[in-house]
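Here it is, the structure, as structure tokens.
Chain lettering (A, B, C and D) follows the sequence in which the chains are written, and residue indices restart at 1 in each chain.
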Amino acid sequence: MHQINKLVYYFAILLIILSINFFLPRVMPGDPLSYLSDPGADMPARMTEEKRELLLEYYGLDKPISEQYISYMVGIIHGDLGWSIYYGAPVLEVILGRLKWTLLLVGTSTAIHVPLGILLGATSAWARGKKKDTGLLISILSISSFPSFFLGILLVIFFGIKLDLFPINGAQTAFATYSSPFGKIFDILHHLVLPATTLVISHIGGTYLLMRNSMLGVLGEDYIMTARAKGLSEQYILHRHALMNALLPIVTMTAMTVGFLIMGTIFVETVFAYPGIGNLLYNAVLYRDYPLLQGIFLFMTIAIVGANFIADTIYVRLDPRVKNE
Amino acid sequence: MKKTVLILAVLLCSVAFSASVLAENDRVAATSDKTVRMAGGTPGGSDWGYPSPFTFYPRGPGYARMSLLFDTLTWKDANGVIPALADGWKVSDDGKDWTFYLDRNARWHDGTSFTADDVKFTFEYMKDHKGGFKWFDATSYIDSVDVVDAHTVVIHLSDPVASFLVDIAGNVPMLPEHIWKDVSDPLTFKDDDAVIGTGPMKLVDYDSATGVYQYEANHDYYDGKLLVDKFISREVSDTASALQTGDVDEVSFWGSEITAVQTFESDPDFEIKAGPSFWVLQTIFNCEKYPNNDREFRQAIAYGIDRDKIVSQVLHDGGEPANTGIMHPDSIWYNPDCTAYEYDTDTADEILDSLGFVDTDGNGIRNYPDGAERSGDITFDLYTTGKYNREAELIQADLATIGIKINVKTSDWGTIDGYLRSANFDMVISGHGGIANPQIMRIPDWPASTYQNSEYDSTYAAQEVEMDLDTRKELVNQLQEMVADDLPVYTLYHPYMWCVYDPKVLDTWFYTRDGVSIGIPLELNKLVFLARYGDANENGKINMQDVTKIERMILELDDETDMADANQNGKINMQDVTHVELTILGRAPIRTR
Amino acid sequence: MIEGRKILGSVGLGILAVFVIVAVLAPYIAPYNPHQMSRPMEHPSSRHLLGTNDIGNDILSEIIYGTRVSLFIAFVVSAISMLVGTSLGLIAGYFDKLGFVIMRVVDIFLTIPRLPLIIVIAASMRPSIWNLIAIFLIFGWTMTARIIRSEVLTLRSRYYIDATKMIGGSDCYILWRHILPNVIPLVVVQFIMEAIHVIFTEAGLSFLGLGDPVARSWGMVLHYAFECPIIYVSDVWMWWMLPPGLCIVLTVLGLTFVGYALEETLDPKLKSPAYGRGL
Amino acid sequence: MTLLEISDLKTHFPTQSGIVRAVDTIDLSIRERETFGLIGETGCGKTVLGLTLMRLLHPTTTVEGTIRYRGKNLLTISEAEMRLIRGEEIAMILQNPTTSLNPVMRVGEQIAEAIRLHQGLRRRAAKEKAVEMLDSVRIPAASRRANEYPHEFSGGMKQRAMIAMGLACDPALIIADEPTKGLDVTIKAQITELIKETAKEKAMLLITHDLGVARALCDRIALMYAGELVEYAATEEIFENPLHPYTRGFLGSLPGNGLVPIPGMSPSLIDLPDGCRFHPRCSHAKAVCRKKHPELIEVEAGHFVRCFDA
């Protein structure tokens, strides 16, 4: 029953967001063909009214809005996200082209910042009140106060320009030919270092603080005392008893911030010319590319709902109490 | 704990370092081919679409990337129109029938010969798929196309088109019939076949996400030897540093980016070429809405805007105050006699006073006269996209001194376009490119769509079909004067352009006469990749001794050339030829005077 | 650590105080009007301590006035979010049926991809300060409402509220006299959290060019600096990019310290000196 | 024979508002196989005494005096040595089984981990031993229950599990902190019975405020007030012949004795009254009680009292 409720709830949320996402771009002034006539670009692409109408018809934008809405919903059910007007390609293809890079970037940074944040948070809590804790706390609070784009710029200046250690443009060397199969992997990793570091630094504070607080709470729990009374070693208690319990809120938080993690890369993408979903969204807004905008929102929503679902599942595995409720 | 962090950090660094070493090796390995890399744009702005004629994004850079693969009948170099797929051409007296003699050596990338059938097919295909070629609607002028023989084709127009050689022959990419005849929806056709053209480059790879294009040279090109093996256009986060760190070999700057250009001036590793942008920034007035519907009011505003200051403060002198008649000073259409509204607040005040706009409540802002459509302080919104905030701020300050209050509102182009379309605005700042071609002055395509003047419209229509260049120029001059006097738009400035490049990699960069195609102010003209015809020592000049055969020479014969035919045997007497101008690049026409 | 918390809190307050003073006294402190123009792109000198920007505005003055914009937006948004969020949280926690409805709305808001939607709205509206504030407010109240509600639920289960009810206290009276004072500390922490969030997001949007171009915040100064084509190939970043960036960093740091100190003081669990709870 | 000898023990910890003198000069000894009851109101420091013996307090706590266990001073040995004593030699059953069991770990595993640690058994063997232990504290279907999580246990079962955990490594001394707190009467009786059985073979320090339980289980009883012992003697002696006014008051508050509460509140351990610490609440307080701090004196053999009146 609980599961069904949850599903109904997710479904309702999806429906609401899909609708917002259909109507919002359409109430904004301008239409997808505006970009075709943007004289602010470095070239006039002139379009006659006749051609405008032809294109509106071609993209089905001349139909009544209710009809568009229905065909949009039907399309989604069939897994057809439509055709991106600006990119002239299937929306799914456009999104997937960017998604791999976003996932690489977000995935790498999350794979580093979550464990590292947990580790540091636990360390800090374990050493509560000692110099180590204070030092960690102040330094992590400090680096977390850097907006990601500012941090990225500083990294570019120092490691990209001054020291010339890392590339600062893009996700890989453009169409380089590699001497070994690992060349490409290394090249991609090399390009990944600075953007991923930026994301790790700007996200680690959240995980760290939550973990520290959660751990402090757990360390105050009676069962930790019980474990100590059994003569278990501090390390063992930390790993076997405290960590598991302290991780529970981290799981929830990480899931809740998935949307932010994915979209937050837009700043890093801008600074490092990294291809990703953030810039895609920005362009989709500028070009009023309705199908693409809808596609990105759908994807984001699914990612968020999916992450919550996964978090729920993991939570059940981690916390036996939830299962029986 | 500290140990763990340290180990992690070291790990990161070592991966990075080994990667950099490996990547370095790879780059060295890759340079056995001669590769040219250019900065295609900044994040989100370096993807210009799949470079088929129907899927590139209809912007200058998109067209330029497509035009490397697809040739047109004619093309342009630094001096003007040159032959491309057509070796030569002639036009009938009424200007309606154009005969093109096609290059016999031209081949499609798949080896098939290019023939007159392809030309006929191209125009018919575009007619059948109206709206498909978003870039330019070429077909409305064309009546029919006749194939005379495999290498001769006649294009019949319904009305004469004065700019036919540039706007249509030099703009419409030729399609291979054997590929496109089976394609029903060109907007979705993105196979490898969709990029088979006759051009000097072949597409190797394209990635929309990263905005990277990779081309390889078409070494079988019919129109000259290629100087490079590969060409890459890629996204960079910062153009100046990308050039400096060697991520790219060529970047382009414009306008206020002169500051970046200056940093390269003293650098011996780089060379700089300057060129015109054929672009203007203008304030668009709503000629249908009070108070901007009053011509004199608009003139007062024009006097009240200090364009020199905008050029010096915002552009850092990387441009010039604009021709109030719109056409770019470097174009042949430029009318130097348009009213120039020299900055003069006294004149502006006088006009406003005489119109009854007086500051009655003493708050420093003029008031609308009693009984007018609006009342209270003169205040209205100035819309701009984020790009021109700086200019808007200056205008706001300038107009405040003549007692007009402006609220700067920024919005994206989609929104502003909506306002323009519905004539729901007071003033908009917006740019306009391609001002080397009178076609941009057509209303209502032009953003000044609220301007209504039947004389203007008829003059425009007249110049469109006027085949005599001088007469046409005169008509275009009149159009410019009307714009300058009536001020449906008030032009602000023309920025300059620069390309900064590493001459060791490629040193043939140049700016095209009146812009690539219909006025793209880019240095990315396919001719930069071609060795100049007969230029054995590659010094950029043709070696006459290398010219062994001239297949066909085209002379623009007029009355004066006849005079060189002293013995009147119908042939020119070479001793009368005082000057031979050889146009560089490709197989250039030899002009005689 | 007890001392450390106090020190951190005071340092945070000190930083914030400096910025607030700068914001309030901007016209007196700033050497120039931020819109006044002199020669563009000047290097730092005695006339312009941080040089001038691309159109000749004094960068120092721009930053000083930017303090006003950045802090104003953060303050207004956080204050209104706090008011709305707290009220709705109180109501939702106290009245079950209304609470259910409010919490479903909150859930939906929390599931909507927040940053993308903000970007979509901001890009099409190209906001002025007030538009920005409105955009932030759409989402600002939700987290506060949720947190306050769960706190109210905890408080409500405590006996003394039932007791008050038995002796005839009205719902309003209970909310006002018994529940509100107990959630105030939490509200203050939420206020700070929201302020940090707003400062970051506003700076980010401005950096993308979606801020108010006329009332230039720190983020907007950074935006123009980033747009400058020689920012990486010259030393310009040192006086044009670093100072506004560090202002953001310091403000957030100040808020973080204060928030942290408050939180530590408030949470009895974190205060206990011994491991055991029963002590 | 004396198993544990505490002398001059002081446990103080610093807080923001001042130093908490939770255990302030305590001397007592526990003999082998003896059940020793430590009784006092909430907040008198009896749990801290238990934790002090286990050395489970925060490092900032200052502990003075000596705790001699089989000749070793527990306050001076290394942490590693101490760990070997915890659980194996001295086990502590913490109060409040609901929070003292790790919610995300199977009960069997929680018992087995101490066995694995101290007896070096492998996982499987330790598990079997844990089941055995659960069985011995009369948990039905022990092998199934061992695989369950604490939230699946009832309150009484959790307490049994706690006891099983304490007994797992066969310690010489068990410190049981309020083992019957919060249980309803029938369960309490069962648990008391269980403790009585197990205590036969072992020494036990039973910390409680439940005199009934103490009387049923203990050989000797000590009463603690405001960080110090005020009276201790054999169980029957305490009940028959209580000498300290606090003891008398405490006995008087028993349900069987008319439920007369001691007036006033126990003092804050930070701000202790001068003189006798009980004098503000004592109906017999005299001038001397306000000024001088009474010593613990042996009024009869084995019966110690801290009162000028005794």
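Note that contacts are C-beta pairs under 8 Å (C-beta built on N, C-alpha and C of every residue); 3 or more make two chains touch, one makes a residue touch a chain.
Because the structure is a prediction, the values reported are computed rather than measured.
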| item | value |
| --- | --- |
| Interchain contact steps from chain A to chain C (minimum; 1 if touching) | 1 |
| Closest chain to global C-alpha mean, per-chain Cα centroids | A |
| Chain pair whose interface holds the most contacting C-beta pairs | A-B |
| Maximum centroid distance from chain D, chain identifier (CA atoms) | B |
| Between chain B and chain A, distance of the C-alpha-averaged centres to the nearest whole Å | 38 |
| Between chain A and chain D, centroid-to-centroid distance (C-alpha), Å | 53 |
| Interchain centroid distance [CA atoms averaged], chain B/chain D, Å | 90 |
| Multi-chain contact residues (two or more partners), chain D | 51, 56, 60, 95-96, 99 |
| Residue numbers of chain A (touch at least two other chains) | 28-30, 129, 156, 161, 221-222, 225, 228, 270-271, 282, 285-286 |
| For chain C, residues contacting two or more additional chains | 123-124, 232-233, 275-278 |
| Complex interface listing, chain B residues touching chain C | 238-241, 244, 253, 256-257, 259-260, 263, 313-314, 316, 385-386, 389-390, 392-394, 396-397, 408-412, 414-415 |
| In the complex, chain A residues that touch chain D | 129, 221-223, 225-233, 236, 240-241, 244-245, 318-321, 324 |
| Complex interface listing, chain A residues touching chain B | 28-31, 34-51, 54-55, 58, 83, 86-89, 94, 97-98, 100-101, 112, 116, 119-120, 123, 132, 156, 160-161, 164-180, 182-183, 186-187, 189-190, 193, 197, 269-275, 279-280, 282-283, 285-288 |
| Of all residues in chain C, those that touch chain B in their complex | 35, 37, 40-41, 54-56, 123-126, 128, 209-210, 213-214, 228-234 |
| Interface residues, chain A side, partner chain C - complex | 9, 13, 16-17, 20, 24-25, 28-30, 128-129, 133-134, 137-138, 141-142, 144-150, 153-154, 156-157, 161, 213, 216-217, 219-222, 224-225, 228, 256, 259-260, 263-264, 266-267, 270-271, 281-282, 285-286, 293, 296-297, 300-301, 304-305, 308 |
